[in-house]
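Each of the next two complexes has subunit A plus one more chain, namely subunit B in the first and subunit C in the second.
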Partner chain A sequence: MTTADVLPRLLSLAATRFGKSVDALSAGDDFFESLGIDSVEAMSMITALEERFGIEIPDYEVQDVRTFEDLAAVIARRV
Partner chain B sequence: MKFEGEALGFELDGGVLSVRLHRAPCNEIGLSMLGELERVADAVRAPGVRAMVLSSDVARGFCAGADLKELHHRNRARRDEGASDDARVAEVRSFLERIHAAFDAIDTAEVTTVAAVHGVCFGGGFELALTCDVLVADRTARFCFPELRLGLIPGVGGLPRLARDVGNAVVRDLLLTGRSLGAQRAHQLGLVSQLVAPGEHRAVAARVAAQALRFDPAATAVGKAFAKPLPRDAMDREIALFCDLFRRPAVEQALARFDADTSAMPYLPAAPRPPS
Partner chain C sequence: MLEPAAYSSLGELLADALVQWKTETALLELDRARENARLRYSDVGRAVAPVARWLESVGVGPGDRVALMMSNQARWPIAALAVFLRGGVLVPLDYKLTGEEQAALLEHSGSRVLVTEAPLLRRMKTRPRVALLVSDATEAEAVGCTRFEDLVLEGEAPACVPRRRDDPACIVYSSGTGGRPKGCVLPHRAYLEQLGALLRLFPMRPGHRTFSVLPTNHAIDFMVGFVGPFACGATVVHQRTLRPEFLVSTMRDHAITHMALVPLLLAAFERALDERLDARPAWQRTALDLLGRANLELTRQRPSPDLSRRLLRPVHDAFGGKLEVLFCGGAFVDRARAERFYALGIPVAIGYGLTECCTVATVNDLRPFRADSVGRSVEGVEVSIHAPGPDGIGEVWIRGATLMLGYLDDPEQTARAITPDGWLRTGDLGWLDATQHLHLVGRSKNMIVTAGGKNIYPEDVEAAFDGVACEEFVVFASSYLWPRDVALTSEALVAVVRPRAGQSEAEVGRALSERNLRLPEHKRIEAWLPWAQTFPRTASLKVKRDPLAEQIRQGAGARSLLPLTAAPTAVFARSR
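Up next is the complex of A and B:
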């Protein structure tokens, strides 16, 4: 699976989870900022992504990722 | 038997001791929590107790571990008062030995103990959950040993107890990366015995405790002691190693950084800054 394949699924999941319109989110957005994520929500999002994509995502791979596109790339490497 | 404290409460009902942690923000283990966990350690050994369920009323999770802010401020205050390094390390050793005594008492209680875990289960909270016989976790639970980012190792039996339950490769991965492990993966690895839907952990844990009541107490005690030996020698070495590490100035600096950290993942070390 490529980053391009993952990205729309990621945006859809994030929009649903955080009550945003998917149209309001784009690949280059800073997701911590766009979603207003705190530490508990970051953990919850990792759990949701792991379950959605059937993978494990070490926290440190997400820690310094800022955009949805970069996060999609992290996921694509493990799918 | 009933107790309602600042950090937790417990009640004995029909042979099951239900212990509920309720200290905001996430049941951090400082002096008040420790004092009340010592009451739990006594209560679980009281006549009439046949099983225990340990859970959290706090939305964020089961327990975020040691109260690092309290540790940092107490440590700094003692230094400002002129306490020597030896004196400060001796105080930390005394604190650790108290937690170990309470955790060991829970670990070796002759009744079936169940941790009902959701959300954050980090550091000392993970170590507390590992004292229980059966871990029931809902899908939101995440387990983590973040101590290395403070220049420390887990100090309350976490590594020896985890090594008792899962392979050492898993122990090393969690220790050396500081990553958190999701409940689903923890279930696959055998750390979590029963994985349940979000919010169902406490009800399922109560069913485990109810099941435990149906068995002969003497056989339960013998079987548990045989299946769950206390790794005492390793834990004694762990205390010594923790205290050696705690003595270093790097730990005090790391505690100060943690105290000021407002990032979304304060349990991970910050990325190194690029050279300027």
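Up next is the complex of A and C:
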């Protein structure tokens, strides 16, 4: 799966989870900023994404990730 | 428990623990729901031996520094124990720093060895030129270093090298931000004194299970998630992922009894609890609320975990039903949140300390529970208020056996931090009440502590704003500018900006927000203050911070701050 395949599903999950409109989110956004979440909430979003994609992402792979695009790339590598 | 007063070094105490508690479970390592490792104290002894022999083979002897940089896992205490057995000085590095920051601290510490894990080594741009012991490395990565997995297991551990109480045990960096590193050199005496005092307040025993989630390099978890449980034959539980849902499920599945955390995690637990309670019918929530109030009345003088568990079973079941106490420190704890947990029968012991004085200087001993204060000084520690004003508020000074020997290779900063008669100037402002409980109100030093327990110095953040569109620019801690008006649970970084002629507030706000986004969340500026006067500067054109701060205090209050759109996410309701 490519980053481009993952991205729309990621954005839709993030929007639903934090009550945002999916149109308001774009790939290059800092997800902490555009979702208004802290690092703990971000981690729980990543767990939800793992369930959606049926993968496990070690914490260290997402430690420096801040944008939807980069997160999609991490997921795409493992799907 | 092993009596710390009977030992002259951490190495001797920990070596004895491996024998004394040999049949008890020492370490339990989990990865999500899977169990990676379960080691009895005797197994830990067998795991320590090859690491200690390897350290010996690369020449580590008494007084040599060994850096340990690993996320929380069974190998952390195993490696630390091996260093102490060799008489080495442990340099625990924060695995959450950036690769550059880690490399700088490693270099500064003068360590001759680094024990780490491959994902962290990959983040360092260049491989450090020290002997390397690495876990989880691939064949290619293993060139030029030794893999944990390749150590030969058979054979005896070398005998514990004796150390004196005043010899250095650890060098702990008090702040990971840029600028001048401060390596606190803490002697064995500091740890042994602190350990004895804390275990008398919060006894542990075999069968207790401590959940180690804060990085163990952090002074609090080093005590609560390593040395404390080892001295008492308790079990340390590690979870390789720090997602809140796995933390809660680990607490539940492994009936955790003790845990150290920072306010950020306490907030996450409260959310997990609320989600669980919200799923219940309204009448049950009302009943729980009433039971919570009854519990608060019945346990006002001291906690009674058994009673609270019976009264509030659904709450306790969510956390495994055995929780005795949560230690919360590293930053400032929201009073209402701590009180809520106490009402639910989960005591939150609030402590206050600095890396410079080991783990804690003051702690709430829960007799009775009070969340309005950071507690009383622990045995062996003196706390005084220096030069108090008419309101009793002054700088908090600390003295006692738990103090560091000084900052590594930095007599200048050491002399600034510790007075000739041995008082540590904390830079925090506070007052002592009639029962000698300490109350913190603000800071006399320009820094903030985030809810995650990170110390942030405004000077280190300013570089990210170099060249931002304005005349003049400087960053302050709000708790330093207005120590009596800003609660320490809501302190933040704020910019003071002199706009250009004709530049609107909106323009300045946009320019700052844009730069803010480039910074990690905890280093972002939350608000800014427009300031029309020219900043006072030295002959070399550096901003004179203290005089400027004084001018601002005279001229503007915290209410004049303008919020920024890319501000950090508020964990607590900000009160200004």
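Here is the rule we use: the second predicted complex is superposed on the first by the 78 of 79 C-alpha atoms of A that agree within 3 Å, B and C clash if a C-alpha of one lies under 4 Å from a C-alpha of the other, contacts with A are read in each partner's own complex, and residues count from 1 in each chain.
Just so it is clear, a residue touches a chain if its C-beta (ideal position, glycine included) is under 8 Å from a C-beta of that chain, and two chains touch if they have at least 3 such contacts.
Here the structure is a predicted model, which means the values were calculated and not measured.
Of the two partner chains placed around the shared chain by superposition, subunit B and subunit C are both touched by A:Q63. Residue contacts after overlaying the shared chain place A:D23 against neither subunit B nor subunit C. Judged by the touch definition given at the top, the superposed model places A:E51 against subunit B, while subunit C stays out of reach.
Using the contact criterion defined above for the overlaid structures, shared-chain residue A:M43 touches subunit B and also reaches subunit C. When both complexes are overlaid on chain A, the residue A:E33 reaches subunit C alone and has no touch with subunit B. Judged by the document's definition of touching, subunit A residues 32, 37-40, 43-44, 46-47, 56, 58-60, 63-64 lie at the interface with subunit B and also at the interface with subunit C. On subunit B, the positions that touch subunit A within their shared complex are 60-61, 119-120, 139-140, 142, 144, 177-180, 182-185, 263-268, 271. Across the complex, subunit A meets subunit C through its residues 30, 32-33, 36-40, 43-44, 46-47, 56, 58-61, 63-64, 66. Every residue of subunit C that touches subunit A in the complex is listed here, in rising order: 32, 71, 96, 98, 119-120, 123, 240-246, 264-265, 267-268, 452, 517, 520-521, 566, 569, 571. The part of subunit A that touches subunit B in the complex is made up of residues 32, 37-44, 46-47, 50-51, 56, 58-60, 62-64.
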